[in-house]
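After this come two complexes, each holding subunit A, first together with subunit B and then together with subunit C.
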Partner chain A sequence: MINFNLFVLPFSLGLIYLLIAIGKSWYLWIKALPAHDKVKLKAGIRHPQLMLGAIREVFMEGLIHRKMWLRNPLMGYMHTSFALGWFLLIVLGNIESRFYSGTHLNAPYYPIFLKFFIHDKLVIFFEVYTVPGIFRFLMDFILLFVLSGLFLAIIKRQKSKWFGMKRAAEYQLTDQISLICLWMIFPMRLLAESYTAGYYGSGGGFMTQPLGGFLVSITPLPSDFIAYTMWWGYSLALGIFFITLPYSRYMHIPTEILLIFFRHCAIQPRKWHSAFSDVEVHACSRCGVCIDVCQLNDAGITDSQAVYFIRGVRDQYVPDEISRKCLVCGRCQEVCPVGIRTDSLRLIKRRELFSSQPSDYSFLPTASLSRGESPRQGGVAYFAGCMSHLTPSIIRAMKGIMEKAGINYVQIDENRSICCGRPLMIAGKDRQANDLITANKELIRQTKAELLVTSCPICYRVFREEYTLPIRVQHHTQFILDLVKSGRIPLQAHFKKVAYHDPCDLGRGSRIYSAPREVLAKVADLVPVINECSDALCCGGSLGILNVSQQQRDEMTKISLSTLMKEQPEILVTACPLCKKTFSKHAEIEVKDIAELVYKAIPG
Partner chain B sequence: MKDFGYSVLKDETIDYDRQDMRIAKYVLLQEPSIQLCIGCGSCSGTCAAGHFTEFNIRRVHTLIRRGETRLLKKEIQKCMFCGKCQLVCPRGVNLRNLILSINKAIEQIG
Partner chain C sequence: MNKQVVVIGAGVAGLTVAGALAEQNIKVILIEKEAQTGGHVRNWDRLFPSRRHGSEVMDFLDSNLTKQVDIRRGVTVSSIVRTQNGFKVTLANDDEIDAACLILSTGFQLFNAAKKEEYGYGIYDNVITSAELESIFKSGKEIATKNGKNPERVAFIHCVGSRDEKVGNLYCSKVCCVTGVKQAIEIKEILPHCEVFSFYMDLRMYDRNFEELYYEAQQKWGVNFIRGRLSECAENPDHTLIIKTEDTLTGKPLKMTVDLVVLLVGFTPSAGTGEIVKMLGLKTGQDGFIASADEHFLDNNTDIPGVFVTGAVKGPACIVNTIADARATAQQAAKYLFTLKTG
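== the complex of A and B ==
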């Protein structure tokens, strides 16, 4: 065999191992999908438009890393140079090798180590008029591109701030070994190709040829021996990287592709740990973007962020308290470049922990509206929610608004309120929450109303997602906006400076950003805040987190407040009773619900 | 025995050496903030489940601290976990985690 040398073995064995490992994982994950998801997958694969969309996303996110660019250009460049650069090296290297071998069936190592086997005679700078010359230029250019990314990656270890990251994820041993091998690959390639080009005096491109000449001239040892050693080093770096890849964070590279295809086939996360969750946790690249956005940092908690939690799930070891320690505010999910549903993963873990705890809600009334709560045919059923009972001014304002607008309404939880169930669900107790849901659904049905309005975003979300109600559900911000638009409540603007805080479950949880702002624009002068809409901070009162102290909550609340005070508003407005209650404790200005502001603006 | 028309109350003396303090110990470890409790009863006053039943989280707490765990298992199941108690607590006791921990303790001790 002419085109063979022992040094290709580490690479070749590594590649074979890697392909088997990825193939096995993919096969097991797809096999473990429930039947209806398999049907979706099969249908999706036959749908060319869906597949084109998926391939496009693989290209944009997997190679270009579009979301990384949007986050920070330096970070984007670093990722593009590694992913796209390496991809192009492989593709162009393959095409290049065809010119020399004259066949389409090359051993996989042949294009990778092409320069070892081939020593072209032509050596002219930027020899763009020959096909081998173009390739030699391109290959060197792309190698330089990748090396520039490597340079940035090394800087990033020290100066992650330049890349828009205050904190970087901490890595385990397997990750570090993989990382070192990955970093070694391209410098080894550069050295191997340069020494070879230098030794033969030909065959290199605009970078490797002069560098090779220089290296050979300063190396006292025989340069063919050095070159050969470098080829071994290059092959070993590749081989070890391939073998450690399935056990390190770099498993995200093959897994993300599968995840993108799953998503395009509309496969959804399930309530319990499933093949989809497995794919999600393996698709986590541990880039650490989720760390900075996590407000638990403000409370001095640094071991519970999504990246560490997901790593725990992947390693099948998550301490109890890590599962409990999450605001479930959804901020990490919002910024995850891979689009991992971090919240649903956390809730899956909580279900495993707490769903077996017994409950007994037999005391709940078998659904009868209490005194004064007569059915309202075709009217509005108003559900204030537990939290609103702690902020009665919201309930008063809502009732006032509905009365002024002449709405035919009944309040379901006037005297006694049954919890909506979300606080239980957020602790993983879905089964227990079902009893509450059944009781509330029966009450809602008895009102004979056509529209359910709630003042609490927590209730709103669970009504929408879990109740499957036959009637429409609105949060009061949407309801008030409808009333204002239809002219049922005349408003007299006061134009005080107000800042609006997006509650987690209304904003990120339910994607309602514009309704409250439209209402506020009618009654006040809305000033900008630092973190708005999907980037809004949690007030710190979240029901999602179970094990932080009040002091830690207070820290989060204070920092959250400070982002809202940028333009010195006169009133802080929110649309959630829990946020209002939490902020009221620390705010130096008035904290009001949007309903209170509107009620006050109704003349007469 | 002669019927005097009244009964003798059962002895309610609590002997800490004889009480089952396992749940108390576990819960204290899991949620140390309960040591801040001043027994004001705000939690029970606002309790959503308390509006329907006799459920009283303050009493549950007292029972645990006394090691009277007989009635606990049934009682704790009534909590709807809404978190109002935690919001009104003037001492910042982490009541939702307390409930979870009590449940966990019962689960483990049986």
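== the complex of A and C ==
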């Protein structure tokens, strides 16, 4: 039996091309990994537990799309039906084909086009209790599953709002060609199998057999000719899809697998564009989940969201403007189903663009501790931060709290303050930031303190991530909570209704959600807000973006504020001087830092 | 028919317009929420650029008021309803007044300096506003810091709450520049050894004799003018203040310890104006001040026939311009009443 026909060529050539293209990409990416990432990869591969974890994640995210389900069940179903459905069609098709050929060595196209080659007249379509019958049932059922997903996908393209998405990603030409081919594959398969089953009067399942009979009866042309044309169409759709895949967004399918393995081997994004970044940008499926969560929409900016930025990086063309138009609030990173570190990709690009710009900080005063302050062994070094200098009531409250708790402290930035460096870092100016970091580290060392406390989440994050300090670092919400828990500050609650705003760098940036809430529970009546914890909105004052107008910021701030006012709180509380300052301009109620509330609640 | 006019707000504008209408034998009812008339001028010691006493202006405005003007003090307007013959104004004491025409002269209020938290007003002891300094001048008390000493260094901060997108006020308040120059001279007169620094973005000496006063401040009194907007203010343990700015003429950051900081606060629409805008459904500009019907041709009219606006209710204005504007308003209102009679 010669199981070959010319129509299998488009599929077969496409598949060969695709495998070579993926193989080449994977090879080049792995080859380009920095040396110690390669070491990690080699060690990881030899670690069965890690690999099992990775395989499990590939299954859960690549096929089931667990995160997508959690975010949006309808989208989750759509993705599962395509990915898992197609996967099962391939796997079961292979098993089924072995049953017929009696060998393990089938040409790759054989299972795909099995129904063209096999017309098993012995089995009628409803005979589900025989082995071929079970397969026929399953294959039809899975095809139906995939087609249901396709149906949803077509609706989603037209009416993304029905899927809870206000805006869908705009696609490029290659994406559109791929998309059309992908959409063609399964209807072509359905028609090819149905016409064939109809023509032979057997060999189909519960769906393809009756559909085939019906189609043959209404088609005036010879049905074997139609069936053959459909097999060609099916093969062409597959072939073109495979050839365009490496140049379209569908490259995310093989790339996400590699990304998951990289991550399980503890390979991390670097400061500069690396092979890991390449894998990340190619793993982006352009699903567009990041678009709706982006607050720049509120400012009328719709061209710089993560999906478009990442596409730009992949195409090696990102206008400077797009790189700069980002709040670096981390909201897109939080919802990305692939787990792409969108913020670090954005900062990598900014570094490429801006780190070589000349700047002169020689006018900065030589670092020294403030007048007459002697270093204090084992105490607390307090760093208020530049933004807290614009909200002096926070500094006053913190000093008051520390004095009442009898803390042995010294304020590093009381007199000659130096910026922590993060504003420069998020502008891509790491080199310049490092000058500031070195100076600050020296100041911190001179204090001989055991604990560094800051009032600013922006400073807190950079101290933790970039400073490599030999002492502990706390944001003041954590510090205050420790003081309350250890009974060093007695609190007299006022129980006013307060709403709490999670600052980006404290919440998503540093995962500190419970400390401020625990402290507030002691001094106030905390009411719920619309966007909380990891879903909190940016106040609009972000230092991550400098190319928006004040009016655009105001729009973002007003919307952010409205999500906090749901339960009509009496005071809006935050834990970041910048958020406080930004909200104060528009809020009709008092805006206070958590430290101010606590200071006021200390009796006497 | 008895054509009477209700004027709301008895500051410079209200008193002037009421006096000017009374001169033409038109019956005016002047409503003032405070116990005394005069508005902000009542608290002002001396006025720029001539440094005439504010009380002289008060006396002049009062002298124009005749029996025709019925002044209701210490009462606010609780509602205004449009009627067939004009407006029915109900006061908080339940008095009802029928008016053929309304003149709004509810003026302005000073910017709340606490909104600019980085300057430390309400947080640090020795940060005061220009209005507070003026009342010190008026009271004749000694100029002293909270610990009772004469300040050796005083800093004036221009444009507090004006031309500042960050507090939402993009407009210039017009009078603060020259007020700052005047007050700097007055400090030097009282405390000749005190060093005075003025931090400005640019000095808008737009009117007659303003530039001369600015020259005098520099040449005769040695006031130091530094171009730079204050970024922040911090307090030392001894309650002196550290101010941080950039000297933008030399391009260098600057830090200075001073004993007293005076914030030259700007104009914002008064709370009372806001309420009346709501009652009548009047239009305001983006700055929150009432928009007149036409900036050139109908600057005292509003979109509602019979409702006139005068003085700082339309935006920052100095006393000289307010008096002129109020007189023009009286003219327009009288013309309107005449057309009602004849028409």
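Throughout what follows, the second predicted complex is superposed on the first by the 591 of 604 C-alpha atoms of A that agree within 3 Å, B and C clash if a C-alpha of one lies under 4 Å from a C-alpha of the other, contacts with A are read in each partner's own complex, and residues count from 1 in each chain.
Basically, a residue touches a chain if its C-beta (ideal position, glycine included) is under 8 Å from a C-beta of that chain, and two chains touch if they have at least 3 such contacts.
Just so it is clear, the structure is predicted and the values come from calculations on it, not from any experiment.
Trainee: So in the superposed three-chain picture, is A:584 touching just subunit B, just subunit C, both, or none of them (first/second/both/neither)?
Mentor: Second partner only, subunit C.
Trainee: So, A:592: does it touch subunit B (first), subunit C (second), both, or neither?
Mentor: Neither partner.
Trainee: Hey, is it subunit B or subunit C that touches more of subunit A?
Mentor: B
Trainee: Who does A:389 touch here: subunit B (first), subunit C (second), both, or neither?
Mentor: both
Trainee: Touching A:550 in the superposition: subunit B (first), subunit C (second), both, neither?
Mentor: Once the two structures are laid over each other on A, A:550 reaches both partners.
Trainee: Looking at the overlay, does A:341 come into contact with subunit B only (first), subunit C only (second), both, or neither?
Mentor: After superposition on chain A, A:341 lies in contact with neither partner.
Trainee: By the touch definition at the top of the document, which applies to A:349: first (subunit B), second (subunit C), both, or neither?
Mentor: After superposition on chain A, A:349 lies in contact with neither partner.
Trainee: Kindly list the residues of subunit A that each of subunit B and subunit C touches, one partner per complex.
Mentor: Of subunit A, residues 363, 389-390, 415, 550, 581 contact subunit B in one complex and subunit C in the other.
Trainee: In the complex, go through subunit A and note every residue touching subunit B.
Mentor: The contact residues of subunit A facing subunit B are 324, 354, 356-361, 363-365, 386-387, 389-390, 415-419, 423-424, 427, 429, 432, 436, 541, 543, 546-551, 553, 578, 581.
Trainee: Which of the residues in subunit A end up touching subunit C in this complex?
Mentor: 363, 389-393, 396, 414-415, 550, 554, 581, 584-586
Trainee: Can you tell me which positions in subunit C touch subunit A when the two form their complex?
Mentor: On the subunit C side, the touching residues are 115, 117-118, 120, 123-124, 165-168, 231-235, 242, 252-253.
Trainee: Subunit A touches which residues of subunit B in the complex?
Mentor: 31, 33, 46, 48-49, 51-53, 55, 73-74, 77-84, 87-88, 92-94, 96-97, 100, 103-104, 107
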